[in-house]
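The first chain written gets the first letter, and so on, giving A, B and C; residue counts start at 1 in each chain.
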Amino acid sequence: MKKLIALFITLIITLSFAGCGETKVPVIGINQYGEHASLDNCREGFIEGLKEAGLVEGKDFEIDYQNAGFNDNTATQIAQSFSAKNVSLMCAIATPSATACFAAAEDKDIPVIFNAISDPEQAKLTDGNITGMSDKLPVDAQLQLIRALQPDAKTIGIIYTTSEPNSVSTIADYQAKAADYGFTIEAIGVTAQSEVTQAADTLINKKVDCFSNLTDNNVVGVLASILEKTDEAEIPVYGSEIEQVRIGCVASAGIDYVELGKEAGKMAAAILKGETTATEMDYKTVSEYSTYINSEALKEFGINVPTDIAEKAIEAE
Amino acid sequence: MLDLIISTVTQGFIYALLSFGIYITYKILDFPDLTVDGSFPLGAAVTAVLLLKGVNPYLTLLAAAVVGAIAGFVTGFIHVRLKVRDLLAGIITMTALFSINLQIAGSNLSIERGIDTIFTSPVAMTLLGSATLLVRKLIISLIILIICKVLLDLYFKTKSGYLLKAVGDNSTLVTTLAKDMGRVKIIGLVISNALVALSGAVVCHEQRSFSSTMGTGQMVFGLATVIIGTTIFRNLSFVKGTTAVIVGSVLYKICIQIAINLGLPANLLKLITAVLFLIILVIGNFHKGTVRKNAGA
Amino acid sequence: MLELKNISKIYNPGTVTEMCLFEDFNLKVRDGEFISVVGSNGSGKTSMLNIICGSIPINGGEVLINGKNINRLKEHKRYEQMGRVYQNPALGTCPDMTILENMSIADNKGKPFGLGFALNKKRYEFYREQLSSLGLGLEDKMNIKLGSLSGGQRQAVALLMATMTPLEFLILDEHTAALDPHTADIIMELTDKVVREKKLTAIMVTHNLRYAVEYGDRLLMMDRGHIILDKSGEEKANATIDDILDIFNRISIECGN
C-alpha cells in the first residue's frame, strides 16, 4: 500500500513537470468553451489573423489550445493553468471561457482577447486589460431576410437559454424590432439542452410560421433534431450563422466566424507586437454580415429567393 | 511551474470545503445527498448578487452558508418528515434549486474587477498586500479552510457531534437513546450544505462569476475526493477524516491539472475521473482483502 | 405498570398475504416483574416487544403505562423510560466509535445532546468500574473501537449501555440468541444481576427454555398471538424445564413443526 502511494505521488510529480516546458516564444493560450463548428471557425480564423498580421507560428508565437468541453469548471481550471504558466496572451472563445480567463488573468494582468461574445457589456468584459470581437447578431438583417423570403409570415418562434446573458439580450433585441417588420415573436426559454426539443414541439404546436435561431449553445447543439421535427411540420428554420445553414437551415443573415476570428487575431498580433494594449482597444462588433442560403432546403419548402438577395447570397455547402 | 502548483492547490483548498460537506453526509451519515449539485451554485448565486449590490465580501460568505443550510434543511425535511427516499429527496431539492438559483441571479453573472472580493478587499490588502493575488488566494482560502476544519473537528467532539456519528454508525442505537434520528439527520444535512454553499461562494469570489451549471457533477467530485482521502489514510487512524478529505481534494485537482497539461481533450476528463476513481476504490478493496487474510491467519 | 389492552395487529392488511397476528391481545406487567417469554417462531413474541416500544404500528387497542395511553408517543420518546437490548449485538453499540465514546453517549441518554464536549473525564473512573464489573477485561481497552470486539463482549457493553441511566423498563429481545452457550450464560447472569440491582421491570424474550425457567419471576408462553401459559410466584418457582418443554412440544406438533 505504501509503495502504491509513493508510486502514485511520484507519478503525479513527474507528470506535472513533464506537463510544462519553458519556452521563450510568446505563448498564446486559447481557451475554447467547447467544440462546435462556429467556435472552431473562430479559433482557426484567430490563428489565421495572427499570420496575416505577419507573425510566424513557432517563431513569434506558439499556441496552447485547450477546450473546456462545455464545462464551466474546466474552463476555469484551463484559465488558471494559463495564468500560472505565464502565457503572453489569452484568447477566450465564448462567454464562459472569457469570464474564466479574465478572472484568472487578474493577478498578472495578462491581456485577454475574447471572441464570439454577443454582449460584452452585459458580461462585464469591457473594462480592463481585455478586448475582442462581439458576434452580436444582425437582428435587423435577419428579420429583413425572413420578410423577403416569407412575405406572409406572422410569427417567428425562437428557443433560447434563460441563463445565457447573450441569448437574453438578443431576444430583447428581437422583440423590440419584430414589429418594425410586421412580426410577432414566440420566444420559449429553456434551462438545459434536454428541454430544447420539447420547446420545439411547443412552438410547432403553436403553428409559428418559421423558427429563427440565436447563437445559443444549447439550441445549436441539438439543431439537427430540431430540424427533423420542423421539416416534418413544414416549418422553415433560419440560422444565425453559416454552419447552421450547412446543417439544414434555409438561410441566415449571419456572421462569418472565420472572419470574426481573423479580426480578433489581428488585435492579438497588435498587442504582441507592442503597438497597443487590450486596455486601450475597444471591443468591436462586425458590421459586415453575409446572407447564407441552402438552396436545397429552400426548394423543399417552396420558398423563392428574390433575385436581389440571390445575387449576394452565399450558398452554404 | 510554482504558480501552477499554487493555483492548483488553492483550487483543492476551496473545493475541500465542499468535500467536508460530502464527508458529513456520505461518510458519516451514509446519506447520498444530491442537494450538493444545487446548493453549490446557490452559494455562488447569493454571493454574486450580494457582491454586485456592494455588500461586504466577507458577509457574503456568511449569507451563502446560511442559504446553503436552508437548502440542507429542505432536503432533510422532505426525507425525514415527508418520508421520501434519501436519494430522491436530494434530487427534488437539487432540481428546485436550479430554478431558484436562476431566480436569484437572473442569469449567469460576472463580477467586474472594480468590485472587491475576499481576495482583494481592503482587509486582505492590508494584511497580505505585498503578496501576489495568486498567493493571497492561496493564503485566504487556506485560512477559511482551517477555520472550517477546526470548527468541524471540535463539533465532532461534542455530544451533538457524537450523535451525528452514531446515526451513520447505528441508527437503532440513536433511537434507543431516546433521540429522534430524523432530527439528527437534518442537522447533518444543514451543516453539510452550509459548507457546500460556502465552497460555492468562495469559488464565486475566485472566478468572479456565477453560472447556473457550475454545480453539475460536484456531488461526484466530492464523493471522489472523500473516497480518495479516506482510502489513502485508511491505516493511519490518527489522521482525522477532515485532513484526509483535504488531501483527497488537492490530489484530485492535481490529477485534473495534469490531465489538462498533458493536453488530454476536455471531453475525456470525466472518463479519466471515472478511471482514477475506480483505481483508488480497487486499491482500497485489494488492501482490505489482505488485511482480512492476515487477520484470518 | 405496563398494560397492553385489546391489541390487534394485522400484517399486510388488504392484500393476499394478510395475516392477523393479534386479536384482542391483553397483558399486564406489574412494576418490578421480570418476565421471560417463550414461544415458537411466529408466535408474536418479538411483535409484542415492538408494539410496546412503538417500533411497529398497531391496528387497534391501547398501550398504557401507569394507566396513560402512549399509542401516539413516538418510538424514540418511549425509550426515555425504556432500555432495549437486541438479538444482534451490533444493534446496541456503535462499531466505529471507541468503548469510551459509546459509554459516553449512553451515559448522556435523557439529557440534551448539545454543544458541550461529549467525553467527560470525571466519569472516566465510573466507566472503568462498570466495565470491570463485567469481568471481561474491557476496562483496559477503553480506546479501541467497538467493532473489533467479539459478539459477546459487544453484547455485554450493549447491556451496560442500555441500563446505564435510570429506567423503568428493560426490553430484552432474544439478547443471548446470537452468542455461544458459555458467553450466553455470562450475559444472562449479568442481566439478572442488573435487573435485580436496579429493580427494573423487565421483559425478556428467549428461545432458551432453561433461562426462561431459571430466571425471572413470571413465565409466559405464546402461540399464534395468544398467551397459552402464564405462571408466576409459587407456580413459576416450581416449574421445571420438562414441564415447559412438554407444553412447548405439544403446540409445536399442532403447528406441524
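Assume contacts are C-beta pairs under 8 Å (C-beta built on N, C-alpha and C of every residue); 3 or more make two chains touch, one makes a residue touch a chain.
From a predicted model like this one, the values you see are computed outputs, not experimental measurements.
Student: Hey, which chain is the most central one here, using CA centres?
Tutor: Minimum centroid-to-centroid distance belongs to B.
Student: Can you pull out the chain pair that has more C-beta pairs in contact than any other?
Tutor: Here the largest contact count links A-B.
Student: Most remote chain relative to chain C, going by C-alpha centroids?
Tutor: It is A whose centre lies farthest from that of chain C.
Student: How big is the gap, in whole Å, between where the Cα atoms of chain A centre and where those of chain C centre?
Tutor: From the centre of chain A to the centre of chain C is 70 Å.
Student: In whole angstrom, what separates the CA-based centres of chain A and chain B?
Tutor: 32
Student: Taking each chain's centre as the mean of its CA atoms, how far is chain B from chain C in angstrom?
Tutor: So the centre of chain B lies 42 Å away from the centre of chain C.
Student: If I count partner chains per residue in chain A, which residues reach a count of at least 2?
Tutor: none
Student: Name, in rising order, each residue of chain A that touches chain B in their complex.
Tutor: Per the touch definition, chain A meets chain B at residues 1, 4-5, 12, 15-20, 34-35, 66-69, 71-74, 76-78, 80-81, 83-86, 95-96, 99-100, 102-104, 106-108, 123-125, 127-128, 162-165, 168, 191.
Student: Enumerate the contact residues on chain C facing chain B in the complex.
Tutor: 74-80, 83-84, 86, 90-97, 101, 104-106, 108-110, 112-119, 162
Student: State the interface residues of chain B toward chain A in the complex, per the touch definition above.
Tutor: Those in contact with chain A are residues 1, 3-8, 11, 98-99, 102, 107-108, 110-114, 132-134, 206-209, 211-214, 216-217, 232, 235, 251, 253-258, 260-263, 265-267, 269, 283, 287.
Student: In the complex formed with chain C, which residues of chain B make contact?
Tutor: Residues 155, 157-163, 165-166, 169-170, 172-181.
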